[in-house]
Structure formats: structure tokens, C-alpha cells
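Okay, so chain A shows up in both of these, paired with chain B first and chain C after.
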Partner chain A sequence: MAWVFLMPTIIVMGVFQFLPMVCAFALSLWDYFPNAPENQFVFLDNFIRLLHDSAFWLSVRNSLLYLLCVPIIVVLSLGLALLVEPKIPGIGFFRACYYLPVVTMMVVVAFAWSLIFDTDNGLLNAFLAAAGISEEGIGWLTNERYALWSVMAVTVWKGLGYYMVLFIVGLKAVPMELREAARIDGANSIQSFFNVTIPSLWPVISIASIISSISALQVFEEIYMMTNGRVGTSTVVFDIYETGFDMGNGGIDLGYASAMGVVLFAIIFSFTAISARKMDSMYAK
Partner chain B sequence: MTPYASPAKEATGFVTYSPAAKRRPGRIALRVLHYVVLILLIFVFIGPFLWMASISIRPSNESIYTFDLIPEAPTLEFYATTWTEYSLDRAFLNSLIVTVASVVSNVLLCSWAAYPLARMAFRGKQLVFLLILSTMMVPFQLYMIPLFLISLKLGLFDTLLGVIVPSTVGAFGIYLLRQYYQSIPKDLEEAARIDGAGEFQIWAKIMFPLTKPAVVTLAIFVFVQTWSSFLWPLIITNSEERYTLPVAVARLSGDFIGETQFTAAGSVIAVLPIIILFALLQRWFIGGMTMGSVKG
Partner chain C sequence: MQLRPDFDDYFLPLIEQYEEEHPDVAIRWEDYPATNYETKLMMSFFAHSAPDVINLSSESVTSYIKNGTIQSIDDYIDSESRAAYVPRILSSAGVYKDRLWCLPWYAVPEVMFVNKQILEEAGMSMEDVPRYYDDLPEFCRQIRERTGKFGYYPIYTEGSRVQVLLWERGVPITSPDGKQAAFNTPEAEEVFTFWSDLYFEGLVPRNSITATHRTPIEQYKLGNLALLTAGPQLSRQFKNDAPEVYDATEVVELPRWSNSEKSLLALMTLAVSKESHHSKEAVDFAVFLTNEANQIEFAKRTITMPSVTKALQDPLFQNSDDSLRGRMFAVAARETAKGEVLRPIRNNAMLNEVLNDVMESTLLGRVTPKEALEEAERRINDVLGR
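Right, the complex of A and B next:
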């Protein structure tokens, strides 16, 4: 009987998740074009090609740079959580407003922000000009020096509400007696924050870091919408998309794209394994 | 940076409202300051959306290089044009079909899978559960390439069914519901079994209704995910009649249509249903988003 209940899931997951997962590793060893009459087994050639592919290395670098979002997200969202944790009148409304970007789709978020970052008509440059800081329009999304950072800012902005909620839940679990005890012992609020609140929040901080690292390594939509990978802002996932599916851009080299995917998997896997272990040992202390 | 960035500041804010410290003078000033910061932050988080909405109703002859949020002569013409001429109506319908189908199939399949994993004893149970969980380790961007080829072979390219396929069931949902099924006391189903009810009846009549909170949470989670999903629909669709909203909006913002107002209008159309749903079901939204990650 158990198997009757499980059957639909086993079939669907088998065909559309397990099979492709296994195939992905196999495909990375092939020179594969969907319309080619014959496809060749090339063993590790795709990976050797990756080693010499400077564009791919730039994408890897950018994806790793993207991890800088993680500490920023943790600090800012913890700050937000502390601001909205006290149950004062109307706080639910503020929480909801800060959470709104989380439920809106990234495509729209990225578009809204590109209206702000636009060089000629953007709100940000208009502000800078009005404030007399900078008259010439800064190419937030078109200048190599700023583009990746601008996109990263959007990623951080969109995610803050989510991590804020994690921290609100975490803060509720900080034992009240501990806070009180620290206060009675004469600790000021800064001391009690670092000595009581932060240690009790370690599990949440580690979860938030791991989740945000994984999503940072998978960034795609904001790059696609805001810079389309131009001015050196390509990430690994964007590279996979461009290599495998962007017909306008050289075509559909699925074996090579799979090899990139395997590298992505390796990065994410080792990263989460390491950080999970590290966080564990820090927490154990 | 903004003042809330420094942990020290927050610490003060946070201790301020501990019950013992409520009535001291000077606290009122702090509370006013607290509200000022909270209100300013609203603009940080919804400002970009307001700005985009304001552009969507601004006639072409008015400059967008201005700080005025409400244009002199607001117009809805861009909404009308995007809706009909740029096929946002079709994309809206597609998104609705895909999302509702994914929600229904997730609720059914995840429930069916979670139920025996939580409450029945059978050989291979641990292995099945482990295999299901292991799918969470592999990033979608890796297996989407073979998935694309499989979909091609099955004739799912450029069909709505093809869009739905990867989101019909998920490890997260199974995990979530399994936790919930485990928390239901055993006596209930035993009573039903004595009354001669079959396994499926027990599930449908007794167990499934009891998991309503978890099911609603999962439904909302899947709804938001599928409604916003972009990469897979972008790959698997090819013709305008199959685009979902995110893909249609992305296409609108592409270089071939000059005026920003169209994309702005399309974007507002795309997010409005989610925002309305969020306003109505706020608690479920926020609960669901955190449930899976904080447990354990």
C-alpha cells in the first residue's frame, strides 16, 4: 500500500529529477549538440577546455565575489529584525513592507532597479545631480567598475526581508532570563547584545549564511535582466544559460554547459559542506 | 550607511522595550526616533516599486527625469497596450494555469509521498526518503540541461505541460508534510481501521484534513515559487503564446520595444496578484517561508 501512495512521486521524480541529475554528469563528458547527427564522447575534454576558458574563470570569480553578499545580508537583516522585533503598535505593517520584495518576482525587482540605476534617466543619478554630488551620469550598470556591485546590491535588497523573518524567529528563542540576568549583572545593552544575543543566535546565523551562500552562487535573473552579462558581470549560472541555451549567442553547446554545471555543483557542494562543518564547531564551543 | 547597520545601535533599540524599562523619560523620544527609522525604511523597500508604478502611468511626452511620483496627466494607455497588443493577457493566463497546476500537483503528490514515509512501516522506507532528500543537493541549473533534452524527446518543448514538469513535486514539500504527519497521534487512524476503513479512505477522510496548516503553507510556497519562476520557462518556451509572465516581462524589457512604460505596466500586472495575495494571507506567507529552514 505504501508504494501505491509513493508511486506518482517516484515516477515523476525519477523521470524529471533523478534521470536528468545522473545524465548531467554523463553529458559533461560528451560533445553534445541536440541537432547534430552524431555526438562524440570526449571524456574530460570539456573540463580541460574550461581550464583555458578565461570568460568562464571570470564568471567563477564573479560568483565567488557574490558571496560578499552573505555577511552584508546577515548584518543588515539582523539589524532589521532587531528594529521590528519589539511588539509596538503597527509593527506588523512595517514587517510586511520590508518583506514585500521577497514575494515579488526577481524579474520585476531587477527591472524596477534598472530604472533607478539607469545612466541617463535613472533616479539615482538624478538624486546625485540634485544633491550636487555628481553632475555627470554614472553608469551604474554599464561601467565595469560598478555594474556587478549594483546588481549585488539588488540581490541583497530583495533578500533582506526573508532573513529578517528568520532572525525574528531566532530572537524570540533567546531566553528572556539570560537577557535579564545580564542586565542585573550590570551589562550594558552593547555588552548583552554581543555576549547574550549573538551567541544564542548562532544556529540562525549559520542557517542564514548557508542559505544565502547557496542562492548567491546561483544568481541568474538579476544578471540577465540588469546587465545581460555585459561589462564583466557574467556569473556561472549565466554562463551555463548562455552556453547551453542562448541561440543568439553562438548556440547550444550542451555538453560544455553541463561541464560548467558540474563545476557549479562542486563549488556549492564543497562550500556548504565546509561552512556547515565550520558553523557546527563554532556553535559547539 | 544607514544607522541600523551597526549592531550596537540595534542593541539599544532592542533593550528599550524590555518591560522593565518602559516608563523612563527620554524613552518617548527614542520611540519616536524608532518610528521615524521604521517609516524611512518603508521607502527603501517599497520605493522602487512605487517609482516603477509611477512610470507606468506617465504619458510619453512627460519626462521620466523628475522626482514627481504622480505625473501631471496620468494615463492607463500602457496597461491597455501591454495587455492586448503585447499579449500580457495570454501570459497572465499561462502563468495562472501553470501555477494552479503546480500547486494542485504538489499538494497531492507530496501528501501521498509523505504519508507512508511518516506513518507506515515498509522495506526500503529509509532509502526512498534519503533519495528524495538527496535531490535537494543538486542545483537545478545542473540538471536542467538533460531535463531540457528529456522534455524535447517527450514532445514537451514549447508546451505549458513542459513548463509545469519540473515543479510537479519537490523534496521540500515532502519533507515538510512528513514532519506534520508524524505529529498526528496514532489512535485516530486505529479507530478508523477498526471501523473497516481502507488505507486510502483513512488518508482522504482523516489524515489529509488534519494536515491543513502544512498544506496551506506548502500551497502558498509553491504558488510564489512558480508564479515567479523564470529560468526554466525561459528555456522551455519558444513562442509568445506559451510565455509566462516573468518571461513576457523580460521580453518586453528587451531592446526591441523602445518605451520603458510598457515594461513598467507589464511588471505591475505581473506582481499585483502576488501582492494582493500577500496582503490577504500575510501570516501564512511568512510562516511558510521560514518553516522549512528554521526547523531542525
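Right, the complex of A and C next:
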């Protein structure tokens, strides 16, 4: 009977998740074009080509750099959660405000931030000029030194609310007796936070870190909307899109794009496995 | 491509008319936005659900021939129908390796929209609008200094843009046999130097390095841009979205290189899927859509130019009145007369990718124009030589 209940999930996941994964592994060994009369089996050629593809390794570097969003998101969203967790009249309004970017479409968010970051007519540069900090205007999205960081800032800004909610739930679950016991034992609020609250929140921190890491490694929309992968901001997923699906700029090379996908899968899998193990061992302590 | 819902009132009655005349044919019209159009179309090929008649831009036709997704229509078109099209347009857009692959449809000659309000703010007149690229930097400088706005907004890294910039200067992209890059010339270096200097000197928006064709259109509609190079059909959008800008708009011919009078004719074509089970009917419908009467009617609504010889002789394109719409037709007709269709090139998408990459590197100051062209030549020859 259990199998009957499990079957819908197994079928949906099998068809839409596991089958495409297996197909992508297989495709990575082919020079593949659908509808072509003959496709060539190239074994590891696509992976060897990847080794010499400097643009791909720049994308890998950018994807890994994107992981820097994770600690920033975790710290800031925990801070926000601490601010809005107490029951104060009107606090719901602030929670809603911080959560609003989460439910706003990334296309809208990216467009709005592109206007703010515009080098010549953007709000941010206008503010810096008015404050006498920079008359020239900083190329937030047009200078290689800043572009990736600017897009990362948008990712962090948009994601904060989601993790804030996770932490609010986590904070609610911290036993009141523990906090009171710490206070009776003479712990001040900072000691109580680091010795009671944080250890109690550890499972939430682990989950938030893993989810945000996977999201960071799979980032695409912000890059596509704000820089179109230019100015040294291409990430692995963007590269996969350009290589596999962008007819106007590069054409369709599904085998090579699948090889990129396999490498990304390996990176995410290893990273998640290491993080989970590390978190588990820390939690066990 | 990007025709619904604006042109429903043109196409739906046409489809109804065709179905009445051909009772055994049923037509379903699918329309996608221009952005990612080709990606969506390619997915439909992969799923074996591609339409029988397909709207393709002329420059992308060879990719589909190479992929084996469209078929030659030689066997389904009679000589009379074939002779109706402007021979120059038919041969440059539709013929590849001596076979006809698609029918030319409507041409979109680019024109230059001028915001006279910004010229006035800068104390300038229509006489100051640059006719040649040589005059563009000074024009942009004066507009920027006097109004704080931009004179021009180039697109550097989207689609075939770099190919077009080179082509305007008369630079061939590949050798005649298509097996070697041919663009590494002093003229190409001049093109790269000119456009990158414009960028380095801050005479054009710095965001142009990542901009797509939508960005300058939006800036023009906001009244932030003095000159916009685009198809005349956009005037309809300006009238609806920014009537004040529309009222201040004049239209002139595109600026050119003083030593190369070339201008580009963007052309839409109709091709037939290789997997079509109704190839004959598909070609017949494509001929119907592109016939004289239907092209004239479509041109009237869109300010595009027909590709059928007789249609071009219609008074609409010969004696335009003095309204802005009339002047647009006049400029579009002049551009069409001297415009050329960008000839389909093998490995077009790969060429675009490489040329866009090296243009970006030049604008970022990573390489000089000469180094950029050398790198592009090496990368392209690597692929073409395989």
C-alpha cells in the first residue's frame, strides 16, 4: 500500500528530475544535436574541451565567489529575525516589508536595481555625487571590479526575507527555560545569545546555509537581467544557458552544455555533502 | 515573430480568407516575443512540433539550413510566384548553395529618429544631425555638455551587432567560401577604434556595454536620447507610449561612414519546416502572405517595406505626404533602395559570440582593437577549420 501512495511522487520526480539528470550525463558524452541524422559519440572530449575553456573556468570562479553571499545572508537574516521576532505592536508591518522582495519577481527586482545601479543616470551614483563622494560615477554594472559584487548584493537583498522567516521560526522554538536558566546563572544577553540561542538555532543555520549555497551556485536570473553575463559576471548556469540554448549568441551545443551541467552537479554535490557533514559534526558537539 | 496582439486585426482576417479559399487547410497561428524567439523555435523543433511555416530573420536562415530543420522550397514554388520578389532581395536572403530556402517577407530598413526637443535644448537644429559617423562624436559631446543627456546609444554586444558595425564599413566577415575569417583588416580596426573611443570618452552611456536593443528604445521614449537608430515601425509604439516624444520626433537617414555608403536591410523571411507533412500547402500559404496586396496592406500598418517588386511601385512608397508617417515612408524607401540584406553566414551564432566577446574585451580595456581582431580571427578560424 505504501508504494501506491509513493508512486505519484516517484513518477513525477523520476520523469522530471532523475530522468533528465541521467540524460544529461549521457548527453555530455555526445556531440549532440536533436533531429540530426547522426550524432557522434565523443566520450570525454567535451570534458577535455572544458579543461581548456578559460571562459568556463571564469564562470566556475564566479559561481564559487557567489558562495560569499551565504554567510552574509545568514548573518543579516539572523540579525533581521532578532529585530522583528519580539511581539511588539506593528512589528508585522516590518516583517512584511522585509519579506516583500521574496515574493517580488526577480525580473522586476533586477530591472529596478539596474536603474539604481545605472552608471550615468542611476540613483546610487546621483546620491554619491550629491554627497561629494564620486563625481565620475561608479560603473556598478559596467566595471569588472564591481559588476559581480553588485549583482550579488541584489541576490542578498532579495533573499534576506526568506531566511529571516526561517530564523524567526527557529527563534520561536528556542526553549524559554534555557534562556531563563542562563539569565539566572548570570549570563548577559550577549553570552546568552552565543551560548544558548545560536546552538539552539544550529539546525536552522545548517539548512539556511545549504539552501542558500545551492541557490548561489545556480544563480541565473539576476545575471541574465542585469549584465547579460557580460563584464566578467557569467556564472556556470548562465554559461550552460548560452552554450545550450541561446541561438543568437553561440548557438546550440547540447553535449558541451551537458558536460558543464555535470561539472556543476559535481560541484554542488561535493559542496553540499561536505557542508552537511561539517554541520552534523558541529551540531553533534 | 512579435506580431500579436498588435496585428491580430490584420492576420486573423487573412487566415480566415485563406481557409475559406482552401477548405481543406486549417491554420493555427503561434506568435512569440522576439526575445528568445529562436530558442523557443528550436525547442519546438526538438519536440517535433515545429510550425509548418516559420518566420525567420534573414541572417539566421543558414543556422536552420545547417541544422537540417528547414527544407529547400524549390520544388513547391512556381517560376511566376518566384519572379514576383525583388531579385536582389530574394537572392541575398533566400538562396543558399543555389537552392531557395525561404521567401522574403517584409524588410525593416533602419532609420534614425531625432528628438528635436533635445536638439533645441542644446541650441542645435536638424542641420546639426550627423550624416556621417565622423561627425557623431562631436554631436554627442555637445548634447552631453549642453543637456546632460546622451546623443546616441550604441548596442555593442547583442546578436549580430558587431557583424553589422563591420559590414557598414565594408568589412567582409568571412572569405567567399566561408572557411576563413576575413575581417582582420585596417578598416575593421578603424571600426573597433571608433566605437570604443566613443565609449571610453563617455560620449555614449557606459551601460551600453551590456545593453540590448530594448534599452535605447526605452531611453528614447523617456526623452533621454537625441538619436535612435531603429526600424520605422517603432513610431507606432512611440505614439502610444510617449506621445510628447512622438510629437517632437523627426526622422532622417542613418549616419554612415564617409567612405562607405552601405546600409543594412533587416529582412523577415518565411521558411518551411523540414518535418512538415504539408510542404506544398505551407509554401502556398507563405506565397499568399507575401503577395503584393497583402504586403502593401501590412506595410501601411507597420511602416515596413515590401519585398515584392510590384508592391514597391505602389504610390505609398513613391509619393509620400508630408506627415511624419509619410516622411518615414520616404526615408524607409530611400534606405531600402540602397540597403542590402546581411548575407547569411555559416556558423553565424558562433561568429556572433566571438565578435561580441572581443568587442566587450576592447571596451573593458583588456585588449586593443588590433589584439581583439587577432583573437577573434584565431578563435573563428579554429572553428571554421574543423
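Note that the second predicted complex is superposed on the first by the 263 of 285 C-alpha atoms of A that agree within 3 Å, B and C clash if a C-alpha of one lies under 4 Å from a C-alpha of the other, contacts with A are read in each partner's own complex, and residues count from 1 in each chain.
Methods note: a residue touches a chain if its C-beta (ideal position, glycine included) is under 8 Å from a C-beta of that chain, and two chains touch if they have at least 3 such contacts.
Computed from a prediction, not measured in an experiment: that's the story for all the values here.
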Fit-or-clash call for chain B and chain C when the two complexes are aligned on chain A: clash
Chain B versus chain C as contact partner of A:Q40, first or second or both or neither: neither
Which superposed partner A:S134 touches (first chain B, second chain C, both, neither): neither
First (chain B), second (chain C), both or neither touched by A:S192: first
Chain B versus chain C as contact partner of A:T119, first or second or both or neither: second
Chain A: partner with more touched residues, chain B or chain C: B
Touching partner for A:F245 - first (chain B), second (chain C), both, neither: both
Partner chain(s) touched by A:V231 [first = chain B, second = chain C, both, neither]: second
Contacts of A:A24 with chain B and chain C, given as first, second, both or neither: first
Partner chain in contact with A:Y162 - chain B first, chain C second, else both or neither: first
Partner chain in contact with A:L82 - chain B first, chain C second, else both or neither: first
Colliding stretch - chain B into chain C, listed as 25-33, 151-159 or 205-213: 151-159
Doubly contacted chain A residues - partners chain C and chain B: 34, 120-121, 245
Partner chain C, residues of chain A touching it in the complex: 33-37, 55, 118-121, 137, 139, 141-142, 144, 226-228, 230-232, 242, 245-252
Chain A-touching residues of chain B, taken from the complex the two chains share: 4-18, 20, 31, 34, 37-38, 41-42, 44-46, 48-49, 51-52, 55, 64-67, 108-110, 112-113, 115-117, 120, 122, 125, 128, 131-132, 135, 137-139, 141-150, 152, 165-166, 168-169, 174, 199-200, 203, 224, 227-228, 230-231, 234-235, 245-246, 249-250, 253, 260, 263-264, 267, 270-271, 274-275, 278-279, 282, 285-286, 289-290, 293-294
In the complex with chain B, residue positions of chain A that touch it: 1-6, 8-10, 12-13, 15-21, 23-24, 27, 34, 75-76, 78-80, 82-88, 91-92, 94-109, 111-116, 120-121, 123, 126, 130, 157, 160-162, 165-166, 169-170, 179-180, 183, 189-190, 192-194, 197, 204, 207, 211, 214, 218, 220-221, 224-225, 237, 240-241, 244-245, 254, 257-258, 261-262, 264-265, 268-269
Chain C to chain A touching residues, read off their complex: 38-39, 41-42, 45-46, 48, 60, 63, 67-69, 150, 157-160, 205-207, 209-210, 212, 224, 274-275, 347, 349-350, 352-353, 356-357, 360, 364
